[in-house]
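Each of the next two complexes has subunit A plus one other chain: subunit B in the first, subunit C in the second.
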Partner chain A sequence: MKQVWAIATTTLGEAIRRRVLLVILLVGVAFIAIAPGLGVLSARSETTVLRSMLLSIIQLTSAVIAVVLTVYMIPNEIERRTIYTILSKPVHRWQFLLGKYFGAVLALMVMMAMMTGVLCLAFFVQQGYRADGLTQLLRAPIMFFVQMCLLAAVGVFFSTFVTPLVNFFLSGAVYLVGTTFSSFFESMLNNPSSSNIAKIIGRLVNTLLPNFAYYNVQNPLINPTVVIQDETQNYIKIVAYGVLYIGVLLVAGILVFDRREV
Partner chain B sequence: MKKTATTLYAALALLLVGQGALNQLVVRDIWVKNYMPKGSQSATSGLSPDQMLLALAGFREMIAGILWVRADSFFDTGNYDAVLPLIRLVTILDPHQIDVYATGMWHIGYNFTDEDQRSDRRYVPSALALGKEGARNNPDTYELFFETGWMWYHKVDDDYKQAVKWFEEAHKRKDMIQARKNLLAQAYFRNGELDKAIDLYYNLWEEAVALEKGKDATYGNTQVRETIENNLDTNLVRMVQRGDVALKNGTYEQGQYDTKPPFDVGFSARVSVVAPRTIRVEGTWNVLPVGTRVRIVLRDADYPNGTPAGMNWDISDEVKLDPPKNITFMQDQLFVRNRRFDRIIDMSKDVTMYPFSAKKYLVEFYYNPRSAPPHIQDKFGYTGIGFTDSNFLSSDARPGERVMYTNLELSQDQILQRGEWIDRSAVVATKNFDAGRRKLDKDNIINIPNLRAGA
Partner chain C sequence: MAAAIETQNLTKTYKNRSGKVNVVDQLNLSVEEGEIFGFLGPNGAGKTTTIKMLLGIIYPSAGQAQVLGKEAGDIGIHRSISYLPEKPYYYEHMTGMEILKFYGALFGLSDTAMYQRLLERVNLAGDQHKTISQYSKGMQQRIGLAQSLLNDPKLLFLDEPTGGLDPIAHIEIRDLILQFREEGKTVFISSHALSDVERICDRVAIINKGKIAAQGKLDDLLRGGRIEIIADNLTSEFAQGLKLNGATTSFNAGRLIVDIDEAEDFNGLIDGIRNAKGKVVSVLPRRRRLEDLFVETVRNLQSQGASK
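And then the complex of A and B:
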């Protein structure tokens, strides 16, 4: 565990020093900061629009950071040959991979926390201090964080066997499909003209794909009239699903990475 | 090493099965019930490619927000036509944006007008459909039930059963605003359910008194209580003087009430085509006090789902941004002054709204005492018991209701002044129309009773 932690903290340091990530972060923070300037609508519309904007900026920026952060993770170490120095020490490959992943998670946590801090500030500027509204709103970034951890796991998994460019598009595609497929699948289930074979294949894909849509919980949070029963329990179940899926990706990554020639 | 790999494969299999089971058996149901986007994925076709990509990638709310800001700027510049598709897109992308639904309904129902500010009634079914959709998508809040009820009550202003139905649904929601609850009672009155209206007022009064005594009482609570007291008091007096209490007790025939005997409004009308697509409407109405508005409708004789002086407003569950452009439906009010009305209705400037593509047209005249202002209802009664018309009283136009209804026919050639009508005006009139009549007998003039006799 010590080795994993050491690699994770080093990865965090590297991530913070990477300019491209900082630029993406700064763009995100800047957008969040200027969003309250959209105050042109009715009070309630303004709240709804502002919340949706702020949360979407955090989500979008975090997704880009998660992908950019993880696609280079293993290939860079191999290319720069730094991996040999690490693996020549008493460090297993699985520890290296886990360390890299947790480093990415830590980096995401730091960056998302910064954006969430600016979100709180923007919320405060526009709405004044309302502890209940803010607490409710903060649930979304927490769920986005789990979503990004899942996306980072996808990126780390692919980075064990594909090049960064391919990984960028592959992870992006998995994120896109993983976000949209559930809706298509439900439409397919409700459509009486869909064939049974299509439904079976759809269910299989829906089961195997990482389901990013589950973490898009912002709608009830930005529309205060929507009431959700047992919200906390729902979140726990959704997080549990994410943790299991991250486990799948990391174990699969370890298996692939273990067999890879470096 | 082999053992480790086997363990990892076993762990992988376990995790895979575990996530699959959790996904399909637990999480999916939660997501479908609470978080799944309810709008159609295919309906994002109005978006630009980048917007569509973002919307599909789970940023629907953000795109909806951007579009709504854009729609707002179109409102400000008066570009109403551009607003409609944006409203539709926003409600599809985020079906929980109450304000967008409410504004969209109002916009579709009220803002498409001709040069004389007459609404394009062909849009009203779509406005109601948007309200229905909004209420379906937001069943936990009163707002869209109330807004849909309001559209029935105020815009359609004819089918109070529907208004009552939607207001009652709004009342079932916990977040219904106290100050808006009065409207259900008013809808009950117009629907002829007087006892229900009074019962509701009493319940609202008790609620208001309790709220006023509560620890979070505001000045608004006092205002609401006073409004209810005033309405209750006024309507109780009116019910007595109009004979509604006596009707319930079975003593109406014996007593003297303001609604007795039924007053003959003596409606008559003449319609002249004074220019292509322009008509002059003249006529009589014996009620002297200002406040009468007789509905006039000019529509295709075979208007789809047409009803006397109206249409089946509730026909559609689908929001159509583009109602059929080849049908004509003009609705306006004839304001009566000094017992006469005389109005020029010019439909020549809005050919898309009044295409006149059909061969035959009906000019319909309609008056429902239920929609009358209170000072007129003091004579006619809530449901028209004190109202009659020796020529045009109808209980068929609105089954079970006492209304005035008649219609006249015009042909396409007559309205467009072409063919044999190219150099002359078509004139159609009710049989009792007397062009020379200017003054009516004193006995025919309606006397508005005092609300409190002897006061």
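And then the complex of A and C:
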């Protein structure tokens, strides 16, 4: 475990110094900070639209960070030859891959915590301190964090066998399909009038690709009056789904990476 | 003496557009414990590929390799070996001390006093809090050597350890490698710095296009097979009367210099000089330079390849 932790903390140290990630983070933080100042909306719509907008900024920024962070993860280590000095030590390849993944998760945690901090600050400035409001507000970023851990696992998995550019588009496409088009593929599968081919495609996409849309939990925050049944159970279920999927992706990544020529 | 490295028909095949290419082709190597072994060859000869196979970073297509008595790639032997790659990169945001802490953690170590001693040994104690981005090339190579000594290895793989260094850094690294031998460590060096290899290596192997072209003790390989005899107080008639096969002679002001094949009867020549009242000044076996051997070996193989 010491090896995994050492690689993870080093990966974190490197990630938080990468200029491209810092620029993306700063842009996200800047948008979150200035969005409440755009007072062009009515009082009611201001609150709902603003919440939705701020949470979307966090989600989008985090997704870009997760993809950019992970696509270079393994190829960079090979190109710079750091992998050789690490793998010539008593380090198994699975330990290396897990270390890189957990480093990415730690980096995402730090960066998302910064954005969430600014988000909370923006709300306090606008609405004053409310403890119940804070716990309600934090649900979405926490679920986004699980979503980003899943996206990072997708990126790390692809980085074991494709180039960074291909990985960027692959991971981006998986995320886009998993967030935006998941309901479309679900309806393809469940609609009785769908053709057999459409049903096969729908089943394939639903089975193979992670459903990132599960983690889009903004609605109860945007409309606090809406009561959702078994909300906590639902959160536990989708976290378990994420952990399971991450586990499958990492095992697949380890199997590919174990025989890869580096 | 036991073998630290042994390979039997070790082969690595890659596919390219024109078909399969053996980057390493049935390589048979034997490196004894406690020696400094030079692994030489032109660019693309298969040196780094061989080292990667011995480290278990890539897998052989055929053949076998044992390192310290175990199958190459066995994670257990990674506790007793170390590797310094060519043009290594270390995480630039880390300081020298942090680099040692990181690599030490990979061995499960956390001995700051030992890290301190290693930094002193490679002359970086005063620069331990500088980040790697502030280190010169020589300093980066020295921190690389320090990280390769963390586990007090029995066997070190050094890939171009003096490549691109200034003369002072060059000498410092060379002296450190010589110290390793005194400590009983086995050192496997891949290098283009032939003068260094000639000075420090006990045995060498020259590889070209994946095949071993020459292998053996440096003294045996560099023995020129010729002897230079210098004698004074001789006459020009004596010099002109010499009948020696394949020898070159020069005579000036009573001094005769003969360069003769050691298979020839050079004892007869010495007797002749003495009988002519000459004075034998020196009898020296001529040694080739490693550079000559290297160029000759590689060119011979290239011309053989071209004639096929």
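Things to note:
The rule is simple: the second predicted complex is superposed on the first by the 251 of 262 C-alpha atoms of A that agree within 3 Å, B and C clash if a C-alpha of one lies under 4 Å from a C-alpha of the other, contacts with A are read in each partner's own complex, and residues count from 1 in each chain.
Operating definition for what follows: a residue touches a chain if its C-beta (ideal position, glycine included) is under 8 Å from a C-beta of that chain, and two chains touch if they have at least 3 such contacts.
For clarity, every value in this text was computed on a predicted model and none was experimentally measured.
Superposition model on subunit A: subunit B and subunit C are shown accommodated side by side without a clash. Of the two partner chains, neither subunit B nor subunit C is touched by A:S194. After overlaying the two complexes on the shared chain, residue contacts for A:N234 are found with subunit B alone; subunit C is out of touch. With the two structures brought together on chain A, the opening angle seen from the C-alpha centre of subunit A toward subunit B and subunit C is 160°, to the nearest 10.
Once the two complexes are laid over each other on the shared chain, residue contacts for A:T48 go to subunit B alone; subunit C is not touched. In the superposed model, A:N216 makes contact with subunit B only, not with subunit C. By the touch criterion stated above, A:P90 is placed in contact with subunit C alone, subunit B being left untouched.
After the two structures are overlaid on chain A, the closest C-alpha atoms of subunit B and subunit C sit 10 Å apart. Taken in their complex, subunit C has these residues touching subunit A: 52, 55-59, 75-76, 78-79, 81-91, 93-94, 102-103, 105-108, 144, 147, 151, 157. Subunit A meets subunit C in the complex at residues 2-3, 5-7, 10, 13-14, 17, 80-92, 259, 261-262.
Of all the residues in subunit B, the ones that touch subunit A in their complex are 5, 8-9, 11-12, 15-16, 18-20, 22-24, 26-28, 30-32, 34-37, 40-41, 53-54, 56-59, 61-62, 64-66, 68-69, 72-73, 94, 96-100, 138, 140-141, 143, 175. The touching residues of subunit A, when paired with subunit B in their complex, are 38, 40-42, 44-45, 48-50, 52-53, 55-57, 59-60, 175-176, 179-180, 182-184, 186-187, 203, 206-208, 211-214, 216-220, 222-223, 225-229, 234, 237-238, 240-241, 244-245, 247-248, 251-252, 254-255, 258.
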